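To keep things simple, chains are lettered A, B and C as they appear, and every chain counts its residues starting from 1.
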Amino acid sequence: MTRRLSVLGLLRAAVIVGALLWTLGPILVAAVTSVSTQSEITASPAVWFPHHPTLRAYRALLPTGAGGGGAGSEAHQFGSAMLTSLVVSLETTAVTLVLSILAGYAFARLDFRGRKVVFVAVVSTLVLPVFALVVPLFRIMATLQLINTNPGLVLIYVSAIAPLGVWMFYSYVKDVPVGPQEAALVDGCTRFQALVKIVLPQMRPGIAALTTIVFLASWSQFLIPLLFAQSPSLKPVTVLITEFVGKYNTDYALIAAAGLIALLPPALLALSQSRQIRGMLSGGDL
Amino acid sequence: MVGDPGKNGGGGRRVRRRRLREQTTLGWAFSSPVLLIIGVLVLYPLIRGLLMSFQSLDLSSGGDGSFVGLRNYSAVLRDPQTEAAALHTLGYVGCAVVIEIVAGLMVALALNRPFRGRGLVFAALILPWALPRVVSGVLWSRIFNPDSGLLNSALIQLHLTHTNHAWFDNPYAAIFLISLVHVWGVLPLTTLILLAGLQGIPANIYAAAELDGAGAVRQFRTMTLPLLRPALGIALTTGTIAAFAIFDEIYVLAGSAYSTRSVMTQVYLTTFSGGDFGQGSALAYLLTLATAVFGIAYVRRLGRAAP
Amino acid sequence: MSKSLTKRNPLTVAAVAATALLAAACGGTSTTASTAAPTFGAPAKGEQITVVLPSYAKIPADMLTQFEQQSGVKVTLSLDSWDNIRTRIVTANAAGQAIGDVTEFDWSWTGQFGSPTLYTPLDNAISPAMTADLQNTKTFSKGGHMMAVCYSNDARIGMYNKTKFAAAGITAPPATFDELTADLAKLKVSGASVNPLTLTASATEGATTEWYLLSMMMGGNLFDAALRPQFSDPASAGYKALAFEVEAMRKGWASPSATTANDQEADALFLGGRSAVQLAGHPGESQTANDPTQSKVAGQTAYFLEPGTAGPGKTFGLPEGLGIPARSTHKAAAAAFIRWILQPEVQAELLSKVGLLPCRASAVHALVAGGKIAGGPVIEQQLAHLTPLFPNGAPTWYAKFSTDASALINSAAKGEMTVAQAIAKMSDRARQLGNG
């Protein structure tokens, strides 16, 4: 028994190490690229490590650097884009979570006519490719005067991400035992109180995972902000970085550095959410 | 539907009816915000978009929006590139989904047990999804570039080969490698969904199984896997949807080469490059239909993921 | 055309320009208008316009302030990567919206966007004298109207590595295509360069432009006046150009990476000192090549005229223009912005600050004479051989053709099909598109 468990332990360690190598390998390439000169990046045969590492790209992107932080400077634009991405992603996460929890709970626990049809309709929208919707969406957003606005952007993100949220919450709520909730209802709690006081605390790990998913899904949006957030003040970092692609020359170090900085907010969010992931109490799982 | 309160709730008929009414009101109240947003921003555009797929909307021939019946559909279905793209797409879906689910499940299981530094590992593993796509494009080009690429350089230094390989000249290798790049970006989502599913499995059932003397493998087969079915359904579906929509990775690494085009590449080229929203929409909806068929199949087989 | 211009009596030019300035001062509504082209009044004070440009053409804020002081028009600059601008224009237009009052208008968009329902004809936006002084006007013409005004005179020009040529025992850059192939063979055999030719044969826009360039160098036109393909015959320039590309791949003149590298990655081979000849060089490349942080060949390179069948070959321009979307509600202010861009001092400033080669022949000439352009004399000579790809303006189906052409060139380069097969499919596609 002990021997078999340690085999499993080794296997687990191997999986973790393998996953880290697979994930971080390319990120490491980005890190090296971000401190290399252009001629080292494009050198053939490849130069693995820069001979004269330089922080030029980071200096150009950070307000304290030589690039200066004045309006219109690269650092200023980048900072503003990071802030936009953060604000829009946080707003989307908050709205999506609340709406998905309510709807997921309703579909899983409340018996009302039409819920099956409506639930399936909501979840099915996941298969729609964004390319198929952009033009009619553009028309509606123009009519509602929501193009180039923060609420407009957040609403489209929510509409794209909420179906997954609803589906995941539906599935969690189904897993939560009914007993305590019924008891609370009998004790005179309202449905909403039962949801908040009894159901939600039991779903904390699920909520943490979903928070991470929604935040990342918003953070990585590209086509939607490209089309619906045209003003410089609403441009998220994913769109801004494409501007670093030149006609004949692309500053690869700058792109890599910007990409690495853009990893920080999602990584910090994931780190904070990881505390909610509970440990298994007994060693039953593989 | 053991968990349905409406069915096991007690009391007389009047109580039941009152509870049903209350549940109907609350059900619609709780779900209406999502329904409103999806209705206005997804379903309405969906119907408008469907209409577009029956209209003449070719920018370059001055498409006037007149209805042309099924002409857009027959045009894209007649195009030999559509068939080729459909086959490539199935290739991408097959490679990507299998790798994602197997790898995602392994990583999620490993993460489901506490160990020191688990939070950091968790944060590290989601990074590929957070990396802006232009940046990953630059990275993978740097890795696969035949002349200055790191992959060739590594293989040569390890004496595994002595010439530079043009990785995307072989269509099979190209589709496989592009699938790997796709998996790199999507694996965080799969892992997160599966991990969330694992976390939802009540711990006490394992305690009971342990008392029964069930081994780890048997516990996994008889308890974890069945209880994970809804999450597996979600992960499979989202993974398949993402793979059916594969585009960026192809465009960055192989451009619009015939031998690697996906259906979504065709949609992009038709719509944004060719400026034909009629045919582009038609193809996009055909792709949607194909994706939906797969999605329904998973959900049906894995059951319980939907009511 | 540009050649005759530079030879024109400067007095005449000055006189015409003066008249034009007067006309512009009076609101710019005069001049010989073709039937349907609109006229542009004076902008209202305090008018605001949005100008959408690719990020590499970022006009500095102080220049925009100058324009505001002169005209009273405030400019909001909206930058995006070039690819993304097209996506934005196409989508917004399909939804009945415009993305700005002045937008980027690439030479390759003339066919697709060059319709009065999408963009405003600009025949009357600038004076006839300015128009006469402007290069690439044909490239931006569609249906008898000038649909955009050139602001970046990008063109292809040859570049070679002098050091590598010397190492192979070659003293001068190739003047003809035969010399070019002989030189490539020598460079390869002597070991001076393993893959001496920079080539783009990936399924990207860079591959089609390279093929056009080679076809033009070989003296051919790809399409006749009725837009029928002229490259089906094995003796035609277009056919020979593709055959040359495939030969270059087979013989190892070009690196195997040519099948996946976009034009930037291909260019990196020249700047990294791997290849010795870059036919698809561009004005401004000399500056990059001499910058040691970006290049390993500083001081080793020079421009040369694209080789032709006998003597200098034709070259291919990839100019970028400015257009005014038909749905813009600030057309007068937008036109004032375009006129401002064409002022000689603004053109000079755009060259020094943004690196955009002017489109006015007189401005190029003055800047070359003043030594303001690296490799200027060769560039000016090369610009005299500038030929539009479509003498009567690009067809509406150009974008669709270009996508298929690049994929077919790529297939031929990878050996998935023969040159004959690729050419046959390409001309079938062109005919099919031409027949609607």
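Here, a contact is a pair of C-beta atoms (placed from the backbone, for glycine too) under 8 Å apart; a residue touches a chain by one contact, two chains touch by 3 or more.
Please read these numbers as outputs of a predicted model, since none were measured by experiment.
Chemist: Going by the touch rule set out above, what shape does the chain contact graph take here: line, ring, star, complete or other?
Modeler: Topology of touching chains reads as complete, every chain touching all others.
Chemist: So which one's got more C-beta contacts, A-C or A-B?
Modeler: Counting C-beta pairs in contact, A-B comes out ahead.
Chemist: Suppose each chain is reduced to the average of its Cα coordinates; what separation in Å results between chain A and chain C?
Modeler: 40
Chemist: Give, as an integer number of Å, the spacing between the C-alpha centres of chain B and chain A.
Modeler: Each chain's C-alpha centroid was found; their separation is 15 Å.
Chemist: Return the residues of chain A touching two or more other chains; collapse runs of consecutive numbers into ranges.
Modeler: 42-44, 135-136, 139, 242, 244-245, 250 - these are the residues of chain A that touch more than one other chain.
Chemist: For chain B, jot down the residues that touch at least 2 other chains.
Modeler: 147-148, 271, 277
Chemist: Of all the residues in chain C, which ones touch at least 2 other chains?
Modeler: In chain C, the residues touching two or more other chains are 87, 91, 94, 265, 268-269, 272, 274.
Chemist: Touching residues of chain C toward chain B in the complex: what are they?
Modeler: 86-87, 90-91, 93-94, 111-113, 115, 117-118, 202-204, 255-257, 259-262, 265, 268-269, 272, 274, 396-400, 403, 406-408, 410-411, 414-416, 436
Chemist: Using the touch definition up top, name the residues of chain C that touch chain A in the complex.
Modeler: Result: residues 54-56, 61, 76, 78-84, 87-88, 91-92, 94-97, 99, 154, 263-265, 267-269, 271-272, 274, 282, 284-285, 288, 292-296 of chain C touch chain A.
Chemist: Which residues, counting only chain A, touch chain B once they are in their complex?
Modeler: Interface residues on chain A, with respect to chain B: 4-5, 8, 12, 15-16, 19-20, 22-24, 26-27, 29-30, 33, 41-46, 48, 99-100, 102-103, 105-113, 115-116, 118-129, 131-133, 135-137, 139-140, 155-156, 158-160, 162-164, 166-168, 171-172, 174-175, 177-178, 181-182, 185, 191, 203, 205-206, 209-210, 212-213, 216, 219-220, 222, 237-238, 241-242, 244-245, 250, 252, 255-256, 258-259, 262-263, 266-268, 270-271, 274-275, 277-286.
Chemist: Which stretch or stretches of chain B touch chain C in the complex?
Modeler: 57, 59-62, 141, 144-148, 164-169, 171, 253-259, 261, 269, 271-275, 277
Chemist: For the complex, which residues does chain B have touching chain A?
Modeler: It comes out as residues 2-9, 20, 22-24, 26-31, 33-35, 37-38, 40-46, 48-49, 52, 103, 106-107, 109-115, 118-136, 138-140, 142-143, 147-150, 152-153, 156, 184, 187-189, 192-193, 195-204, 206-207, 209-210, 214-217, 219-220, 223-224, 227, 230-231, 234, 237-238, 241, 245, 264, 267-268, 271, 277, 280-281, 284-285, 287-288, 291-292, 295, 304-307.
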